[in-house]
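You will see two complexes here that share chain A, one where it goes with chain B and one where it goes with chain C.
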Partner chain A sequence: MTATGYSLLGVTAVVVATLAVGAYGWRFSRTTSDFFVASRTVRPGLNASAIGGEYLSAASFLGVAGLVLAFGTEMLWYPVGWTAGYLVLLVFVAAPLRRSGAYTLPDFAESRLESRGVRRLSALLVVAIGWLYLMPQFQGAGLALAAPTGTGTWLGGVLVATVVVVNVLFGGMRSITFVQAFQYWLKLTALLFPLLFMAAIWLRDGAVSPASVAVGSGNAAGDSWTSPLAGTDHELYTTYAIIVATFLGTMGLPHVVVRFYTNPDGAAARRTTLLVLALLGLFYLLPPVYGGLGRLYAPDLVAAGRAESVVLELPARMVDGTLGDLLSALTTAGAFAAFLSTSSGLTVAVAGVISQDVMGRRFGGVRAFQAGAVVAVLVPLGLALLTEGVGVAQAVGLAFAFAASTFCPLLVLGIWWRRLTDAGAIAGMVVGGGCAGGAVLATLLGVGPGGWPGALLAQPAAWTVPLAFLTMVGVSLATPRRVPRHAARTMVRLHTPEAVQLDRGNPPR
Partner chain B sequence: MRNPLRWLRPGHLGTEAEHATFRTLHSASLTAPELRQGLTSDSAERAIRHLRDLLGLPAVALTDTVATLAWDGRFAHHEQDAAALAAAVLESGNTVVRPREDFACSDAGCGLRQVVVSPLVVEDRVVGTLQAFTSSASAGLVRAVAEVARWVSGNLELAELDASRTRLMEAEVRALRAQISPHFIYNSLTAIASFVRTDPARARELLLEFADFTRYSFSRHGEYTTLAEELRSIERYLVLEKARFGDRLQVTLRVAQEVLPVAVPFLCLQPLVENAVRHGLESKPGTGTVTIIAADQGGECLISVEDDGVGEDPAKVRRALAGDVSVDSVGLGNVDARLRTAFGDDYGLVVETAPGAGTKVVVRVPKFAPGVRP
Partner chain C sequence: MSESTPRRERVTSPRTSAARAQRVPAAREIDAQTLLGEVYMSSLLRSQLRLALLALATLAVLVGGIPLLFWLFPDLTDVEVLAVPLPWFLLAFAVYPFLFGIGWLYVRAAERNERDFTDVLDRS
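== the complex of A and B ==
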C-alpha cells in the first residue's frame, strides 16, 4: 500500500470512529440497582480531557510546528499564550461563571446585566467568533488532506464540514464529552508516538542542534532562529499583542465556555481548569519539537511555503519504509481528529446560539438547532473556500484577538465590578469588537498598510482590549442609573461557594 | 393631486392634542412595569419620576400607610411631611386637598401652597397615598390626581394578582409533596417488612432509601432543583417499587451526563414516573418496562418517561393537562403548568399515547432560563 493509501486509511478511521462513537457511543444505559446514574456527574478529569480535545485545534496541531520551523522561537508565545489563557480563566472566571448558571456567553450577559440588548449583541459576537474560528479549521483540513494525497485544498474542508453536520443532524452529539475526551488522547498519541521514533533517529544521527543549521531565505543564521525579537519589524509590540490576545481571548471562546456548564459546581470548574492547564502543557511540549526537527530534516518546506505541513510529512521523511508511512498516516489522522473535534464543539456552540437567539420562535427546538448547525457550518466553509492564503495559526490568532476585545471585558468586569451597566457593556463590546473586527477584516482581505499601522492592524489586541475596557468602565460610570436592579444579589451568588448556607434571595424574574 | 412635499407641512407629525395624548400614554406605560412589582420603596422610586411627568407638577410623593416611599421634584424638605399627610386619608379613603398650614415650613421661597392627597386602593383596602404638591389646586387637577391614583391602584392590583398566582403555584407544589400516596408508603413498608427476616441487609438498605426519598420529597426546598437531584430521588423511588414488584418491573435509565446540572422545577419528574409505573404495571399481566431518557440537545435537555402499559385515551390526557382534577393522573396538569411558568409556553409537556400503545411523556428543558436556578 502506498503512503497516500495509509493516510486515507487513517483519516477514514478517524471519521468513522467519530461518527460511530457519536451515534452509538458510550451512553449510560442501566437498570436500577445499587448503582446510581444521577450521582455520576462528569468528573473534572474527564471534563478536562474533553475541553483539551475540543480546544486543541488545527492551529495547535499543525500551526505551531510550522511557525516554529519558519520563524523561530518567538512563535512559542502562541502555545504559551493558549495555555496561559486557562490560567486567567482559572483565576478570574471559571468558578463564578459556573455559579451564574449560564450555559452560553449570551446567557451570562443576560443574567448579569438583566438586559435583552446585551444578550442580542453577545449572541451576534458569539456567532462572529465561531465563524472566524471555524474558517481556519476548514482551511487546515484542506491543507492536511492535500499534502499526502495531492487532492485539491477544498476537499478536506468539505469533508470535515459534512461529517460535523451529519453528526449534529442525526443526534450524534449526545455523548460528546466522551468523544472529545477520546480526541484529546488520540491527538496526544498521534504526536507523541512518531516523536519517539524520530527522537531515536535524531540521537543516532549525532543530536545536531536545530539552531546550528541555516535554512531558507531571510532566516539564514541559526542565531536569529533561536533568539526571540530578532526578525520582522515591531517585534516587541507584536509579541505583547499576541500575549494579550491569547491570554485574554480564551475565556471568550464560545465552545470553551459551554463546557464549563457540565461541571456540577464552582469548585469542580476550578479543578477542571487546573487539569486543563496540565493537559495542555503536556501537549504543547510536542509541536515545537516537530518544528525543531523539521529544521534539520525538512528545511525545504519553508522555502516551498508549506511549513505548516511539517507535522504531516516529517515522520515519513525521517523514518524509512512502511513504518514511516504509517507514522505519517498517524499524524494525518491526528490532525483530522483536531479539525473534527474543534469544529464539532464550535458548531454545537454556535448552532445553540443561532437557534436560541435568531430563529427560536419560528421553528421547534430540535429543528431550530439542526437548521442552526447547517448555517453555522456553511458560512465559514464558504469563507474558507474564498479566502485562501491566511495562515491557520494567524487566522486563529485573529479570532482570539476578537474574543479578547469583546468578551474578556464583559466577563472580567461583569464578575468583578458591580457598577457595570448594560449601556457600558454594549458600548465596550461595540468599540472593542468594531476595532478588532475592522483590523481582522483588513488583514483577511490583505489591504493592511505597511509600517506601524500595519503592525497595529495585524495584531490589534494590545490596543483594542484596553480600549474596550476603558469604554466599558467610562460609559458605565456615566450611566450610574442603569446599574442592574439585582446587581448586588447577582454578585453574592457569583462569588459565594455553593456549600455556604446563605439566603441567595429569589432570583430575578 | 398629492403633494410630494406634504411631509413638510405643519401638522404632518400630529396635532398638539395628539402629542399630548402620546406623552401622557407614554409616561403611563413607563410607570406600569415598575408598579407591577408591587408598592415598595424601590418600585416607587423608579415610578415616581414618570408620575410627576404625567401630572406636570413641581413635586409628587408616594407613601405607604406609615412612611414616605419616594419623593420627586423640588422643595424636598417637605418629604418628611408626606407620612403625616397620608394619615388622614387612610381612614376616610377619599381624595382630599390640604392647605399649606398642614405642612408649614419656614422657607419663604417655597412654592408649594396646596397638596392633593389621593388614596391608593387595592381590593377595598387603602395601601398608600399619592400626593401632588402644587401652588394652587384647581378642581381639574384634583380630578386628574384622583384618576392617576386610581390608575396606579389598578396596577398595584395586578401586582397583587401576580403575587397570588405565585403563591398558588407554591401551594400546589406543597400539595404535590403531600400527595405522595399513602398506598406507596404502605406498600413500600410491607415490601421492606417481607425482607426483614430473609434478607436483613437488604431490608436495612431499603429502609434507608425510603428515609432518603421521603426526606427529599418533604424537604423545605426552593422552587427549582437540579436534574441530578431529581433523578436521584426517582431512582430511590424505583428501587422501592422494584422491591415490591420484583422482576415484574423493568427499568431502563439512559442519562447523558452533560445534562445533570440542568435546573428543573422541584418534583417535576416524580409524578411522571409514578404515572408510568402505575400505567405500565397495573391492569396488565406480565412485566412492564419503564424507560427514562435524558439527552443533551444543544441548548436544551430532552427528558422522556415511557411505559409499555395499557395506554390512555388522548382526550382524557388533554383534559388532565388542561387542569381537570377529576382525571386520575397524578399531577400531570400541575407539572405542565409549572414548566410553562418557569420556561414559557413553548416548554409544556408533550404526551404521546393511545389505548394499548403505552405512554410517552416528553419534557424539554432549556439549559438556561432567566430566573431559574436550583
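== the complex of A and C ==
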C-alpha cells in the first residue's frame, strides 16, 4: 500500500469514528435542551476533554509547528497565549457565566443588560467571529487532504462540512460532546506517538540543537530564531499585541463560551476550566518539538512555503519505510480530527444563535437549530471555496483580535461592574470591533502603511482592547439612568453559590 | 416571573419545607436588597474580584514580563537551561505548569470565598 493509501485510510477512520461516536450520543438527544447544552449534565472530566478537543484547531495542530519552524521561538507566544487565555477565562468569567443561566452570548448580554439592542449586536458578532473562524478550518482541511492525495483543495472542506452537519443535525450538543472528547485524545496520540520514534532518531543522530543550524536565506538563523520577541521592527509592541489578543480573545470566542453552559453548576465550571488548562498545557508541549526537529530534518519546507505541513510530512522523512508512512498517516488523521472538532463546536455555537435570533419566531426548537446548523456551515464553506488566498493563521488571528476587542470587555464589565449600561456596551463593542476589524482588513487587503502605523494595524489588539474598555466605561458613566433595573438581582445570580437559597431574578428563558 | 409576584415554588412543591428551613434572615436581607444585603453581596463580589485581579497581576508580571526582560537584556537569549536555550525553555515547557498552578490556587481560594459566604448566611 502507498503512503497516499495510508493517509486516506487514516482520514476515513477518523470520519467513521466521528460518526460512530456521534451516533452513541444521538441515542440520548431528545429535547431542545439536549441539542443546545446537553441538558447541562456533562461531568468536568468529559467536558474538559471536549473543550480541549474543540479548542485545538488546525492552527494549533498544524500552524504552531509550522510557525516555529519558519520564525522560531517568538511564535511560542501563540500556544502560550491560547492556554493563558483559559486562565483569564477561569478567573473572570467561568463560574459567573455558568450561573447566568444563559445558552449563548446574546442570551447573556440581553439578560444582564435588559436590552434587545445589545442582544442583536452580540448575535451579529457571534456569527461574524464564528464564520471568520470556520472559513480557515475548511481551507486547512482542503490543503491537508490535497497534499497527500493530489485531489482538488475543495474536497477536504466539503468532507469536513458534511460530517459536521450530519453530526449536528442528528445529535446537537450531546453527541458533539462525545465526539470532541474522543478527538482530544486522538489528537494528543497522533502527535505523541510519532514523536517517540522521531526523538529516538534525533538522539541517535547526536542530538543536534535546532538553534545551531541556519535555514533558508539565513534571516531566521541563530540568535533571531531563539529570540522570544516577534518580528524585526517594533518587536516589543508586536509581541505584547499578540499577548493581549490571545490572553483576552479566548473568552470571546463563541464556541469556547457556549461550552460553559453544559456544566452542572458554577463550581463545576471552574473545575472544568482548570482541567482544560492541564490538557492544553500537555498538548502544547508537542507541536513546538515538531517545529524544532523540522529545522534539522525538513528545512526545505520553509523555502517552499509549506512550513505548515511539517507535522504531516516530518514522520515519513525521519522514519524509514512503511512505519514512517504509517506515522505520517496518523498525523494526517489527527489533523482531520482537529478540523472536525473545531468546526463542530463553532457550528453548534453559530447555529444556536442563528436559530434563536434569526428564525426562532418562525420555526421552533430543534427544527430551527437544525436549519441554523446548515446555514452556519454553508456560508463559510462558500467563502472558503471563493477566497483561497487568505492565510489560515491570518484569519484566526483576526478572529482573536476581534473577539478580544468586543466580547472581552462586555463579559468582564458585565460580570464585575454593575453600572454597565446597554448604551455603554453597544458603544464599546462598535468602537472596539470597528477598529480591530478595520485594522486587520486593511492589512489583509495590503493597504497598510509601513513603520509604526503598519505595526499598529497588523496587530491591533494592544490598542483596540483598552479603547473598547474605556469607551464602555465612559459611555456607561455618561448614561447612569440606563443602568438595568434588575442589575443588583442579576449580580446575585452571577456570583452567589447555587447552594444558597436566594432570589436570583429571571434566568433567561 | 417579575419582581412583584410571589415565589410560586414555595407553595406548590412538596419539598419546600426543607428549602424554607434554609431561608435565613441574611438571605432575606439580600433578597429585599436592603443596605445590609448589599453589604453581604458587595463583600462577596469584592473578595472574588480581588482574587481574580491578583491572579491576573501574577500572570501579567511573571509571564507578561518575559518579553520586556529579553528586550532589556538580549544576552539572556544565549543562556541555556538543561541544554535548552532559556527563551525556549520558558515558553515551550516551564510556562504550562506555572499557568496550571495559578489556576489551581485560584480555584481553591475562590471556593473558600464562596464557602465563607455560605457560612455567614447560614449562621445568621
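Remarks
Convention: the second predicted complex is superposed on the first by the 465 of 509 C-alpha atoms of A that agree within 3 Å, B and C clash if a C-alpha of one lies under 4 Å from a C-alpha of the other, contacts with A are read in each partner's own complex, and residues count from 1 in each chain.
In this text, contacts are C-beta pairs under 8 Å (C-beta built on N, C-alpha and C of every residue); 3 or more make two chains touch, one makes a residue touch a chain.
A quick note: this is a predicted structure, and the numbers were derived from the prediction, not measured.
When the two complexes are overlaid on their common chain A, residue A:S209 makes contact with chain C while staying clear of chain B. Of the two partner chains placed by the overlay, only chain B lies in contact with A:G101; chain C stays clear of it.
Once chain A of one complex is fitted onto chain A of the other, the partner contacts of A:V166 are absent, as it touches neither chain B nor chain C.
In the superposition on chain A, contact of A:L124 is made with neither chain B nor chain C. Once the two complexes are overlaid on the shared chain, A:V374 sits clear of chain B and of chain C alike.
In the superposed model, A:Y261 lies in contact with chain B only, and not with chain C.
When the shared chain is aligned, chain B comes close enough to touch A:Q356, but chain C does not.
By the document's definition of touching, of the two partners only chain C reaches A:T239; chain B does not. Shared contact residues of chain A with chain B and chain C: none. Of all residues in chain A, those touching chain C in their complex are 73, 76-77, 80, 83-84, 86-88, 90-92, 95, 209, 211, 223, 226-229, 235-236, 239-240, 243, 247, 267, 270-271, 273-274, 277-278, 280-282, 284-285, 288-289, 292, 416, 486, 488-489, 491-492, 495-497, 499-503, 505-506.
Those residues of chain B that touch chain A in the shared complex are 42, 205, 227-229, 231-232, 234-235, 238-239, 242, 250-258, 260-261, 263, 295-300, 302, 346, 364, 366-368, 370-374.
For chain A in complex with chain B, the touching residues are 27-32, 34, 36-42, 101-104, 107, 110-111, 114, 171, 173-177, 261-264, 348, 351-353, 355-356, 365-366, 369, 372, 485, 493, 507-509.
Note for the complex: chain C touches chain A at residues 1-3, 7, 19, 22-23, 27, 30-31, 33, 38, 41, 44-45, 48-49, 51-52, 55-56, 59, 63-64, 66-68, 70-71, 74, 77-78, 83, 85, 87-88, 90-93, 95-97, 99-100, 102-104, 106-107, 110-111, 114, 117-118, 121.
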